[in-house]
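The next part holds the structures, each set out as structure tokens.
Presented sequentially are two complexes of subunit A, the first with subunit B as partner and the second with subunit C.
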Partner chain A sequence: MERIKRLFLPKPITLSNGKVIQPKMSPAIYVVPILTFMTLYSIQLTGFKLATLFRRGYQFFVILDGMIPPNFAYFEKVWEPLLATIMMSILGTVIGSLLALPAAYISSENMMKSKFVKFITKAFLSVVRTFPILVLALLFRIIFGIGAFAGTMAIGIFTFTIMTKMFYELIDTADMGPFEALMSSGASRIQAFWVAIMPQLWGQYFSLVLYNFEMNIRNAAILGYVGAGGIGLILNERLGWRVYPDVGLILLVMMITVYMIESLSRTIRKKLL
Partner chain B sequence: MSLNSRVNEQLSKQPKVLLKNTAIIVLNLLILFLSTQYVEIKGLTETGVDIAGAIIQSIFTPNLEFLLNFSTKGGVPYLLLETAAIAFLGTIVGAIISIPMAFLSSRNVVPSWVAHIGVAIITVIRTFPAVVYGLMFIRVTGPGAFTGVLTLAIASVGMISKLYIEIIEELDPGIIEALDAAGCDRIQKIQYGIIPQLLSNFLSTAIYRFEINVKYATILGMVGAGGIGAPLIFAINAYRWKDAGALLVGLIIFVLIVEAISTQLRKKLA
Partner chain C sequence: MIQFQNVVKTYPNGVQALKGVSLEVEQGDFVAIIGLSGAGKSTLLRSINQMHTITEGKLLVNGVDVSSLKGKELRRFRRDIGMVFQSFNLVKRTSVIKNVLAARVADMPLWMSLMGLYTKKNKIIALEALDQVGILEKAYTRADQLSGGQQQRVALARCLAQQPKIILADEPVASLDPVTSNQVMNDFVKINKELNITVIANMHHVDIALKFAKRVIGIKEGKIIFDGPSTKVNNQILKEIYGRELSDDELMEH
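So, the complex of A and B:
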């Protein structure tokens, strides 16, 4: 009991001159009750029941069991949506990364002088960044019609907001020496930026592009759910019909694709940095 | 030697990368061209411009009655509270499962072959997007917030355990040896040597994942796993823009608040 009490309230220390010091109370004394309360409240709100999990949990393994062995004959129908997913990610990443260049320029502390422009772009980007990619896809599906184009645009905008943020942080920390040298020799700000700042950052920029591409491959896989093209469409359909061997194959193919693209992108990124 | 010829001499020393760069650019353009073949560029649908206008307008003129309805279960505040609860509980469950997972996959705790198996399992879990787990769990526990919690828990395990492993593998053994030398017993070693090293990083990781889970919880609602996603997808599909606007505004404010709190807490922990 003493030990548990000491976890929260450390023992007073007596110094050699007789002064007694009480070390600070551990923050656990208020963090633990708050966390407990929030957990209990969430359990009540979400209807979390361990009993249901124990009663129905085996169903999850029934599904997993149904997926093994995967139905390899189904690959015929998988490769085309898979290719579409990859192409959507490529195109979306390229669109987003290109748009991010000028946007990062006007949001960076050291390049952009106008506080007003910086504030507006940063606020706009933070607001757009709060939209999950599926919400964007849902909106674009109505604007652009069902299909891969809506998905591509969703990926493009999503990448744009993330890339801009990551890239202006890089511009902020770039070495300003060459930039000032060019400015003093009469170059315009944009010229100086392009010749003095960008060469420092191209490697990191392409590394970010590849990193976003990795993320987008995973994201693109789910866009099919709202009708925005790609492999998610058939995944949802096959799960709905409970054709688990086909689902198994789709997941296997997805896993291999993601793994291959990640390894490839990591190898290139190592060379870039 | 004049300045110009010195500049020219220096320029001629530049490595010759033209051929290599051209090859890379051509290859990339080829991939890009191929991808445009796959993604049929359709432009806007006939009503697309009007709809885009309606969506943007709706964010500025949301259905205020719906947005500020604090009393009943149908209002935006309640839906956001439910979303937060799903994300919170998912993070807690995920973080708790991650602790033993991470210890059993750390090379400085278990033999390296055990660690390899653990890391492989975690990698497989991380491969699939949360929505895929959501679609699977719906067949297990039915639609509702409970499914959302389970989905986020599993999806969190993938990322949290990976980060926890990194934290555990960076444990400083010197501190524990020092405590050993000072004659501490096992519990004291854990209390003064291990917990202080791990706790703040563990909490910081969990808070960061909570921020991500809040966004995922919105998405999961769309597949029927509780929270604000389902009303949002219904409102958009039914072209009820005022309601959709209220939900989106609620979502924007909510996510911005969560991001701000999470950043502040993590700054304190660091």
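So, the complex of A and C:
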């Protein structure tokens, strides 16, 4: 073993005064072979073929060409699912953010004294967080039926888990001085939290809410693919029928909507912080 | 009246902060506690309102055994004891009036405090407290816009809005400059005289303690080694409390 190791070791460097120093072995010696093997295996497993990429890749531009010009008359059919998508995101974000407040309180190190409660809530949240939003939507479609309600619930639960984690980390770093003052005045822990900790964090809280809302608009657009309502539903259908001018309009409208909401949200968030 | 009977406080890490402290403080007294950092000043102060629980001995406040109190009773008991801190402990991002109103929250039902609904009576109590410390006109300013001295006054107003019988002040002027320190200490003296509120203050600066307090308690390593009127404090006593002579620049005024 030692002999093999020595084979890969770089040559020792001798200084002019006779001192010898042994450079370390580069990690590339084992990292490169492992990465190469994994890449080759992935190519085989996924059926990735460069030939196909060259033979069929141009189709992308055919579709793109088909989308231009978009069919503006189709907007009549688009605005309703678009509105549903936005409303799903708003409602889901509101539900998730509201639920996140008490959940973050009981997950935070400085507010919650019971280690048991903290452990249970944090464990529960990490389990739920492992579900991608599409999986949640699939589950809720079975529970609540096809439509925007399932999508709203998926967004709500997804936002809840993310908001809770982001927000309890903020609570952990809040200034505890005012909290101590409130406790010494005879307030309960919840009252002290609400009056001494939350006023420090409202700006950051609403900024997080808006950030999640931005994310949810994009999420909501795709939820239609699993039957959870919104604009994804007609996008799936039009693509299936290969009516590219309609697809073009849907994508254009989505782009404009997401861009407008993101710029608006960014402007507000700058004011909040 | 506050009575310490052989009070011992041992922290979970084994540090013994109070080693058998006995003392009595009458209603309306103005007491300064002096001693080195780590001598137990802060622990002594915080055991009175049970922000720290004592491990041995008895601590009575107006006849009530403090360490027997729990939950609602403890919170009710704390209503009568206001507290002022070295770093003011204000919510800097909100207005002065909201900071003072926070002192009224403990008397309100939970839903009203969650909604932020303060009655007119509470608002008047808060505004009058601000008037007493002379910063009524700052009521709707954000707390972080004020100077250190003004912030400590807001903290004092918050304490007054609680309508306490006792005020515990933990190094109230240690982060203020000498002139502002004097002004804030004068506020304490005024409140002590006019409202007959007991004031117990941990003091970092000996000369300020001697100037404003009627009575001085010196503690060293968790034990009281001096307790008497401030006029009786001399260099010999200070040497015992601090373990060495204080140089002139450690006394801010002469």
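The definition used in the following text is that the second predicted complex is superposed on the first by the 254 of 273 C-alpha atoms of A that agree within 3 Å, B and C clash if a C-alpha of one lies under 4 Å from a C-alpha of the other, contacts with A are read in each partner's own complex, and residues count from 1 in each chain.
The rule we apply is simple: a residue touches a chain if its C-beta (ideal position, glycine included) is under 8 Å from a C-beta of that chain, and two chains touch if they have at least 3 such contacts.
Note that this is a predicted model, so its numbers are computed, not measured.
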### Message
What does the overlay on subunit A give for subunit B and subunit C, a clash or a fit?
### Response
clash
### Task
Scan A:L182 for contacts with subunit B and subunit C and give back first, second, both or neither.
second
### Task
Considering only the touch criterion stated at the top, classify A:Q200 as touching first (subunit B), second (subunit C), both, or neither.
second
### Query
What is the contact status of A:L45 with respect to subunit B (first) and subunit C (second): first, second, both, or neither?
first
### Query
Which of the two partners, first being subunit B and second being subunit C, lies in contact with A:Y259: first, second, both, or neither?
first
### Task
Could you tell me if A:P10 is touching subunit B, subunit C, both of them or neither one (first, second, both, neither)?
neither
### Task
Check whether subunit B or subunit C contacts more residues of subunit A in the superposed model.
B
### Message
For A:G66 in the superposed arrangement: first (subunit B), second (subunit C), both or neither?
### Response
neither
### Query
A:P245 contacts which: subunit B (first), subunit C (second), both, neither?
neither
#### Entry: subunit A - residues contacting subunit C, complex
175, 177-178, 180-188, 190-192, 194-196, 199-200, 203
### Message
Under the stated contact criterion, what part of subunit B meets subunit A in this complex?
### Response
31-32, 34-45, 48, 51-52, 55, 81-82, 85-86, 88-89, 92, 124, 127-129, 131-132, 135-137, 139-141, 144-146, 148-150, 187, 191, 215-216, 218-219, 222-223, 226, 232-233, 236, 239, 248, 251-252, 255-256, 259
### Query
Where on subunit C does subunit A make contact in their complex?
49, 51, 74-79, 81-83, 85, 87-94, 98, 102-103, 105-106, 108, 110, 113-114, 155, 158, 162, 168
### Query
Can you list the residues on subunit A that touch subunit B in the complex?
3, 7, 35, 38-39, 41-43, 45-49, 52-53, 56-57, 59-60, 63, 83-84, 86-88, 90-91, 94, 126-127, 130-135, 138-139, 142-145, 147-149, 151-152, 218-219, 221-222, 225-226, 229, 232, 235-236, 239, 242, 251, 254-255, 258-259
